[in-house]
Amino acid sequence: LVAVYNAHVILLTGFEPFDGDAYNPSMRIAQALEGTRHGRSRVKSAILPVDGVRAPRHLEELLTPEVRAVVMLGLARGRTQVALERVALNWAEYRIPDNAGHVRRGERLYPGAPDAHLSSLPLETIRIAWREAGLPGYVSDSAGLYLCNQVFYTVRQSRPTLPAGFIHLPSDEILALAKPEAFVPLAFQQRSIEVALSALAKWLEMTALTVD
Amino acid sequence: LVAVYNAHVILLTGFEPFDGDAYNPSMRIAQALEGTRHGRSRVKSAILPVDGVRAPRHLEELLTPEVRAVVMLGLARGRTQVALERVALNWAEYRIPDNAGHVRRGERLYPGAPDAHLSSLPLETIRIAWREAGLPGYVSDSAGLYLCNQVFYTVRQSRPTLPAGFIHLPSDEILALAKPEAFVPLAFQQRSIEVALSALAKWLEMTALTVD
Amino acid sequence: LVAVYNAHVILLTGFEPFDGDAYNPSMRIAQALEGTRHGRSRVKSAILPVDGVRAPRHLEELLTPEVRAVVMLGLARGRTQVALERVALNWAEYRIPDNAGHVRRGERLYPGAPDAHLSSLPLETIRIAWREAGLPGYVSDSAGLYLCNQVFYTVRQSRPTLPAGFIHLPSDEILALAKPEAFVPLAFQQRSIEVALSALAKWLEMTALTVD
Amino acid sequence: LVAVYNAHVILLTGFEPFDGDAYNPSMRIAQALEGTRHGRSRVKSAILPVDGVRAPRHLEELLTPEVRAVVMLGLARGRTQVALERVALNWAEYRIPDNAGHVRRGERLYPGAPDAHLSSLPLETIRIAWREAGLPGYVSDSAGLYLCNQVFYTVRQSRPTLPAGFIHLPSDEILALAKPEAFVPLAFQQRSIEVALSALAKWLEMTALTVD
């Protein structure tokens, strides 16, 4: 008689560097947390290309049946704290070319699909966990119109019932060395993501108990 | 033989003052433009109460069959320019009580309704009209979670095919007298709204021609 | 018997465009107010080159005996309102080259001279005049380390007893057309400068009466 | 035969809480670094009252002959990084009452004294040390007009030849928990101050060698 322990898999994505940067904290944190366990969940990390065509395709491949939740990370220079995104819009518009050289002049990501999807992560649960851990963070009402919003929308549209959401990261000490912009040290950001993952893992377990 | 001239009615709403202010530029501009004509359209102005229960009810009454488009105005202190809102969220969350004393701790406006509605105003047409008139303005990706977003969502949800949208106004010279915040003089803001209404009126005529 | 009317001359300077801009609102306003009269004072306008070597030389030539006060104008993109500068520092440091290609890596403007000079304009008088005229504006505690600060320091150092000061202007509607930055329309800015000049003129007359 | 080791004493000051806060990171860091050694220098910490009358008196008592340099710390909510202040102004103006209830409507700190004093700390040396240690930080051109500027001016005026300056600290994770403002974690801030003290200590030794 063998007890099979089925860990929930949380897919954690970061982005590769873009816009001329040699570095992206979202990539660093996703890599650092690969394989970590939070309660009954295990983190599976992946790095997405900053490419409006390849990123969603790559994401679709990552959304295997074992994935029970998705946390996507991305960089938002100028932000002051880590930010849970509330909503993904069915819209793309950007002048900074992605790494494949594409720009978007304003168009729907998925014609005919809903205008937007709210995050299906437990935002309040994570916000409270951050607060209790003494980690500043907030819920943002706009994920922008760039790749971050696109991959967020893609997952919400493709797997409507899957808990999935996006967290924007501010600059870290490496990026902020060049100019007097707001930053949060990478190690501190990573702790915020770990606390979010733990809160999510606990919530997944509670939800599973309720559902099963 | 009688030529019946059927002017399109554009409903233009402002809000009464709130949060202790004695004054709201959105009210002032809506009142100033009452009855003005732009091409074949005529402006019908109304002032909405800053009350999460009464405002949507009042709006519903204003949405008579003659109304061909809706432009809603509201104040957003701290903004630097007039801003066309891109999206209305099905969410309310605010700690600043409305004028009836209500706060919202985070809840759907309309349970079961879509997560969000994109503006049905011709955003690019208005943006270009502003630019050609030398009037700075931009498209914003978040209308907040207060009354402004609520009335915007209400109209988009209630009349899905009606061209309707929201424009946020920055502080004006009266509000900015007390502190060094960004402002745009009221007369200049009003001009931006007139140009938006003219562009909208022209677009309504073109659309009518195409449709009829 | 001839009554000689000796108008006070107020020297009003603006700067030519710099940093690739085709346009500088400080130049436009200085030109527009050339020859205007405010009480017993007459405005004499001049445009300064954005050149750390030529600008102070040119200023010295402009400081003829008839000049009873100096108001210098300059552009500060990103500011939200017109700003009376409180202090000029004996320091230059800038990486954006002036129009002659000079940069400054951090050095005293005048070795051996005082570290700073406070403005000798009647700041409170002008601030109150703005308020009474309904024109937002504030007193700033830093004029930067670029040409604006340099010419301000130069006049205060060269003519210590002369009422002289600097007013920074925000972007106007022309500059702000390209991005969603704070701006104040040029005509509104010009009115703020006119009110400042009138308040200064009145103060000069009062001071002259007291002194004579 | 006894070798007497005369450590340089660096006076490090912080402020007590003010404006209703229960906490001030400048106090915490000053206390944490009390007695630490940096090269041949030893830190002597002191907490200043937020009281425009008592603070300068207390400072004067602290300026004993053994003190070879002074680093003053203070909180500046809203700043994004630690900031070396370039200049102290001979001016006080604040509406937020100090802890003794005083406000200042705009007046000289020391009538007849110079308008301002530049910092006598080696700003570039500290800035480079921060950069080499990977710690974001910048040189600020305004220390405000509150108590921070006052104590900075007081020391520079009272001991003109003593290396002395002010470093403003941003909010930390405790203060930023309540709102989405910029912050730098306290431990990270403390490291920035330690690196500044080490750079200063090394500079004091070099200067002593040169002078002796």
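When the chains are written out, they are named A, B, C and D in that same order, and each has its own residue count from 1.
In the analysis below, a residue touches a chain if its C-beta (ideal position, glycine included) is under 8 Å from a C-beta of that chain, and two chains touch if they have at least 3 such contacts.
Everything numeric in this text was worked out from a predicted model, so none of it was measured.
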item	value
Equivalent-chain rotation between chain B and chain A, CA atoms, steps of 5 degrees	180
Interface numbering overlap (same over half, different under half) for chain A and chain D	same
Averaged-CA centre spacing for the pair chain D and chain C, given as whole angstrom	33
Distance from the mean Cα position of chain C to that of chain B, given in whole angstrom	40
Contacts with two or more other chains, residues of chain B listed in rising order	none
Touching residues (chain side chain A, partner chain B) in the complex	86-87, 89-91, 106, 114-118, 124, 141-142, 144-145
Residue ranges of chain D in contact with chain A within the complex	80-81, 83, 131, 134-136, 138, 173-174, 176-177, 180-185, 188
